[in-house]
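Order of writing sets the labels: A, B, C, D, E and F. Residues in every chain begin at 1.
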Amino acid sequence: MNRFNTYRDSFPNAHLTRSKTGVLEVVLHTDNDTLVFNGHTHEQFVDLFHAIGSDRDNRVVILTGAGNAFMETINPEGFDFFTPQGYDKIYREGRKVLMNILDIEVPMIAAVNGPVRLHSEYILLADIVLATPATVFQDKPHFEIGVASGDGVHLLWQEAIGTIRGRYFILTRQELDAQTVQAWGAVNEIVPANKLIERAREIGEALAKLPPLTSKYTRIAMTQKLRRIIDEGVTLGLALEGISAADIAPRTAT
Amino acid sequence: MNRFNTYRDSFPNAHLTRSKTGVLEVVLHTDNDTLVFNGHTHEQFVDLFHAIGSDRDNRVVILTGAGNAFMETINPEGFDFFTPQGYDKIYREGRKVLMNILDIEVPMIAAVNGPVRLHSEYILLADIVLATPATVFQDKPHFEIGVASGDGVHLLWQEAIGTIRGRYFILTRQELDAQTVQAWGAVNEIVPANKLIERAREIGEALAKLPPLTSKYTRIAMTQKLRRIIDEGVTLGLALEGISAADIAPRTAT
Amino acid sequence: MNRFNTYRDSFPNAHLTRSKTGVLEVVLHTDNDTLVFNGHTHEQFVDLFHAIGSDRDNRVVILTGAGNAFMETINPEGFDFFTPQGYDKIYREGRKVLMNILDIEVPMIAAVNGPVRLHSEYILLADIVLATPATVFQDKPHFEIGVASGDGVHLLWQEAIGTIRGRYFILTRQELDAQTVQAWGAVNEIVPANKLIERAREIGEALAKLPPLTSKYTRIAMTQKLRRIIDEGVTLGLALEGISAADIAPRTAT
Amino acid sequence: MNRFNTYRDSFPNAHLTRSKTGVLEVVLHTDNDTLVFNGHTHEQFVDLFHAIGSDRDNRVVILTGAGNAFMETINPEGFDFFTPQGYDKIYREGRKVLMNILDIEVPMIAAVNGPVRLHSEYILLADIVLATPATVFQDKPHFEIGVASGDGVHLLWQEAIGTIRGRYFILTRQELDAQTVQAWGAVNEIVPANKLIERAREIGEALAKLPPLTSKYTRIAMTQKLRRIIDEGVTLGLALEGISAADIAPRTAT
Amino acid sequence: MNRFNTYRDSFPNAHLTRSKTGVLEVVLHTDNDTLVFNGHTHEQFVDLFHAIGSDRDNRVVILTGAGNAFMETINPEGFDFFTPQGYDKIYREGRKVLMNILDIEVPMIAAVNGPVRLHSEYILLADIVLATPATVFQDKPHFEIGVASGDGVHLLWQEAIGTIRGRYFILTRQELDAQTVQAWGAVNEIVPANKLIERAREIGEALAKLPPLTSKYTRIAMTQKLRRIIDEGVTLGLALEGISAADIAPRTAT
Amino acid sequence: MNRFNTYRDSFPNAHLTRSKTGVLEVVLHTDNDTLVFNGHTHEQFVDLFHAIGSDRDNRVVILTGAGNAFMETINPEGFDFFTPQGYDKIYREGRKVLMNILDIEVPMIAAVNGPVRLHSEYILLADIVLATPATVFQDKPHFEIGVASGDGVHLLWQEAIGTIRGRYFILTRQELDAQTVQAWGAVNEIVPANKLIERAREIGEALAKLPPLTSKYTRIAMTQKLRRIIDEGVTLGLALEGISAADIAPRTAT
């Protein structure tokens, strides 16, 4: 359990706790309430998932949020979206954060504690998705800011709910409730908010009972296809998003 | 708006109109009624979609049909299906028409105005699919003529509704109504026939408000996977369809 | 019909009969009751599907089981799972059996006569899936034995019912009933047990009426993608499963 | 021969002549001397190769240049490289021109009449490469202008001469003479300048004697891999080149 | 050594002998002299390589020919090339024979005893290629007969000697001597004819000393890419070759 | 230059220095002489390349060795090769180290200061390869230890020097001198030992003069294909290597 101590308190926007059996809980938050995503968390989460994936004592990972939503708002602080060099930082981080989630080679459970209006692709890279009745999913900020949607949501939703549903979801900024997403295949269970983490732990502890290579190699074998989608599709998608951002820069600059 | 004038009246089987904001409506038709597909339209549509894709003033494309159906009947006129050299023309056109649809690099909305019994793959290459309550989908002519189904429907339906449903659909010549296809994910909205085009325009105009590179690059990023399915899968599928056609030629020839 | 005689009685765990039109029925069984899977059937089925695929007089293949289940139990007899050299035999057979099913280049109908708790990937490689009301699907033995799930179920269920549903199914050893699997897209029809084979024959005979290259090339064109999933994904998955088996060997050895 | 007349005189920078047997010669030029590449030729060549590929009477294509070089200099006229919307035009054309060369589905012979310092990827998409002793190859303008090299040379040279040689060639702006490139595999024959076109015709006429589907389908089958390299690799490469161009824009703007 | 006895004498055109250490020698022949390829050998070799690959006691395989050439002439006997149904048999066999070579999961050594003018792709699927000084390579019969070259040579030569060299080799029916092919990378050693088999055995016996899984898994890991080239590229290439054959049928029929 | 200070002295087996322009030199060593590879360096280099890739101030990376060889000997210290759980650590590190080299998104120059008998794949992931006259390349330890060769050399040598040469190189433990490897394409320049680093710096400083996104995006665009080879091919290759190691464990254990 030594390695855990080197990083457990390193991430201002993630509470980390781990059960004796190796079930790690990751609670994304801002000041103990729902995370406000900004340029600093974009950078921080690259390192967060890297640290988690590098620690072989993590046997199962539960990803959840604080407060009543998983992630709803984005704050421009710490982002330089509109210059190519500024965007280059986002480009690298955006690709790395997803590959680092896939490099967590143990089963992952997303316990979606409420609305997710950005970076819902984190959730679709988990193997098991639990959501509360009040959860809704949306790809909101891309078109609100005015940039192309290329960070992974544009591919993983197609993969999870089908190609026609997935593209409509992005293009119309559709808000999908948990029941619909469950009917469409991207939520496994809807659980009352006050039972959510408990249910995630129950599944997690069952998985932690498997021999370590067994659960790990099942995750690796099951997610190989997702690695290619991310490595190729997000490398392209974020590049295009970057050009679209450069294009609208004059309008947003003073 | 100059370029539009060079092709808007060039296609006897497609009415083209464009809103001020760049939402292009493409109505496939035969004498202002439902299209009767034949060898001439097969050739014409290659050029039609090429012209549309080459015009950067098209910001959104709506694809629809005339009369009470989108496409139901095929007429052998203009096709030479049963000699290798005759089929070679179909082979090239069949591959090009789909790549040309994908080369339309702006959001596409299919407004399916009624039954589609052939070339439903055009619709699945759109990003958004609206259908009327009376719409049904089927892959009818391949097995009716007696040739293999390899023109794209054999892959895109698997992609859109799942591998087992998609293969059953082709092999049993299943007729699927709009409600079922919506439940299975390949129709986004069912809209009364007399509201269909209006709803398509509403979505189209909303998309036309996005910065031009934003909507375009979202389409490119979202459809990269479909390009490979078409370029590889239809190149193979249509070759096999061609051999199957050559095989039954003696039976159909006088 | 000559070639059929060379193999029809060669497989102790498969009854083979063929209609005049070339619809082959394959009934997997142990002593005329539900198959008990073991190391000998693992080897035998490689040859079984190879023989079927090599006989050009087979025009359609129906795959079904005997008794009240399709496949529920596995018997360690004939398997050497826990030494690398023993596993190597399983490794080759496990990859070959699935490629040999795909090398059956005519339409395949799975008539699932009851519960399937292992090797349900055989069924998903068929083009049409019929099931009885009492059918349930599960990936049971991998985690029960304690090894990684890498033999094809880990990929084909994701392909058939979606990436999130498919991974949950494997990781939680979920039991899915026929109605649910139909709603999720991997069963086409639910048929009373006493009508099952009749319905499969009805579909099979309809397909047998197609010109032979037509049905064959449609199958080839529709399953090209599955070949890659199997050839690459099972080659990796079974290698990882093998390491996980080697790891738990000491615990299971006396 | 009718179709040829519709486009033979349409391209100010390409002389087109065709032998009775269907061997088309395409001489790229500026005022009958070596081509000066600019924004107008970038656009024109998209249409040029599209027209050639669409004409089924072209049985073999010879691509060559005028004067003492194939292509050496680039002129900024007609290019808007440094704004995202300007670059978007280059982006589409850059991808289309290469796919349009691959859509020429008959054998192509590059008769390289002298130095090639840009767009040498056109040549590597031909099936047969002849060069004069004075020919040299280089990727000069990308780094001279200061933008990333992503238009196809970055991948096709690796494909043609090896991954390590190909990357060195790009990064060091290496100039390779014809003898070296022949030794490395990307030139088939070195022919004196005054015999070059004669030798190309000799090969071309031999190929034109093959049955039309035979030569055509050999080209299609041999170049399928190149299509994927271009469609995926140039879509990414040019997007990245575009961001790099946007980045250096302020330095080049007044 | 039991299994070997079941097939060692089953192939009229292949002499099989095996050393005590498991080095299998396969000598292709016709009446103990150089093989004359025909429709019967096309079918026979599918089974030959399948039998070899299925026998786990084969530890290394040496493939060679009888007489002064490896394979030079093709005899139409047993082929029905010009009807779709006749071609369908060739289509299946042509794909299977190459996959069956790749399913030989132990190191393979080609000992090329003289000219190879057809099916040189067998040799390129070996891991080690030895040739005599008199060996030449050519793809002769495809264009001589008048059909497209799509059986694997069209892709494997590009893979082995480079994309430009490989396409020229096919299109010009180029004859390459052993020295050139060695310089270009597809022959490892040139060995006098009377030392050829001895040298192959020397290398084979060295490989047979490795632990069995070690040599086998190195072959599997090294050839995964070739499997995809064959499975996808030959499935397409042979389909196109088939259409080209159907096209020229009238000219060859009486 | 701040970030550099956080890791420059963190790696006992790598000296790191950086020029003012951002050209980083990485000298792998053991006590200032040629590196002795062992389990600790295997782990350390994962972090080393991760740190280098994460520092955006590195503009070019030169990789070289200390003493008269780049890497020749492997020491079992710190490796647990023969138990599945021990191997699992090697498995993860072996995959990560190569992806981390590819995640260095700036031009890389390998300055090969002498013999390389293991992990030569590090060098082939660089874009430019310089070698001394005394350099030789070999894949020595895999077969010496008795395990399959699956760590990347089995694929990257095929990519760099051709499929037949690459497989022979692995299977026969061939030693290739620098001149041969240059002739075959995987060494760009042979430089006297005492001029090696100087020449590397010269090339590096030229590259450092390019605008930062320009050189970086050229590297990303040029190496996308290598990412897939590594991510898929090494994930499989090392799994197979692991099973082969487990197999020979009893022979090496006391």
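Please note the rule applied: contacts are C-beta pairs under 8 Å (C-beta built on N, C-alpha and C of every residue); 3 or more make two chains touch, one makes a residue touch a chain.
It should be emphasised that the depicted structure is a prediction, and the values quoted were computed from it without experimental measurement.
> Which chains sit in contact with both members of the pair subunit B and subunit D?
Touching subunit B and subunit D alike, sorted by label: A, E.
> Subunit E and subunit B are one sequence twice: same or different residues at the contact, by the over-half rule?
Subunit B vs subunit E: same; shared/all numbers exceeds half.
> Name the chain whose C-alpha centroid is farthest from the C-alpha centroid of subunit C.
In terms of C-alpha centroids, the chain at the greatest distance from subunit C is D.
> What angle, rounded to the nearest 5°, describes the rotation that places the Cα atoms of subunit D on subunit E?
Rotating subunit D by 120 degrees superposes it on subunit E.
> What is the distance in Å between the mean C-alpha positions of subunit D and subunit F?
35
> Using mean CA coordinates as chain centres, what's the gap between subunit C and subunit E in Å?
The mean C-alpha positions of subunit C and subunit E differ by 32 Å.
> What whole-number Å value describes the gap between the mean CA coordinates of subunit C and subunit F?
Computed from C-alpha means, the inter-chain centre distance equals 43 Å.
> Multi-chain contacts only, two chains or more: what residues does subunit B have there?
84-85, 88, 161-162, 184, 213, 216, 220, 224, 232, 235-236, 240, 243-244, 247
> Considering only which chains touch which, label the overall pattern as line, ring, star, complete or other.
other
> Throw together a list of every chain pair that touches.
The set of touching chain pairs is A-B, A-C, A-D, A-F, B-C, B-D, B-E, C-E, C-F, D-E, D-F, E-F.
> With touch defined as at the start, can you tell me which subunit E residues reach subunit D in the complex?
142-143, 146-150, 154-155, 158, 161-168, 170-172, 184, 233, 236-237, 240-241, 243-244, 247-248
> Show which residues of subunit E lie in contact with subunit B when the two form their complex.
The touching residues are 83-85, 87-88, 232, 235-236, 239-240, 242-244, 246-247.
> Which of the residues in subunit A come into contact with subunit C in the complex?
Contact set of subunit A toward subunit C: 107, 124, 127-129, 159-162, 185-188, 203, 206-207, 210-211, 213-218, 220-222, 224-226.
> What does subunit B use to touch subunit D in their complex?
For subunit B paired with subunit D, touching residues are 50, 56, 84-85, 88-89, 92, 96, 99, 103, 105, 212-213, 216, 220, 224, 227-228, 231-232, 235.
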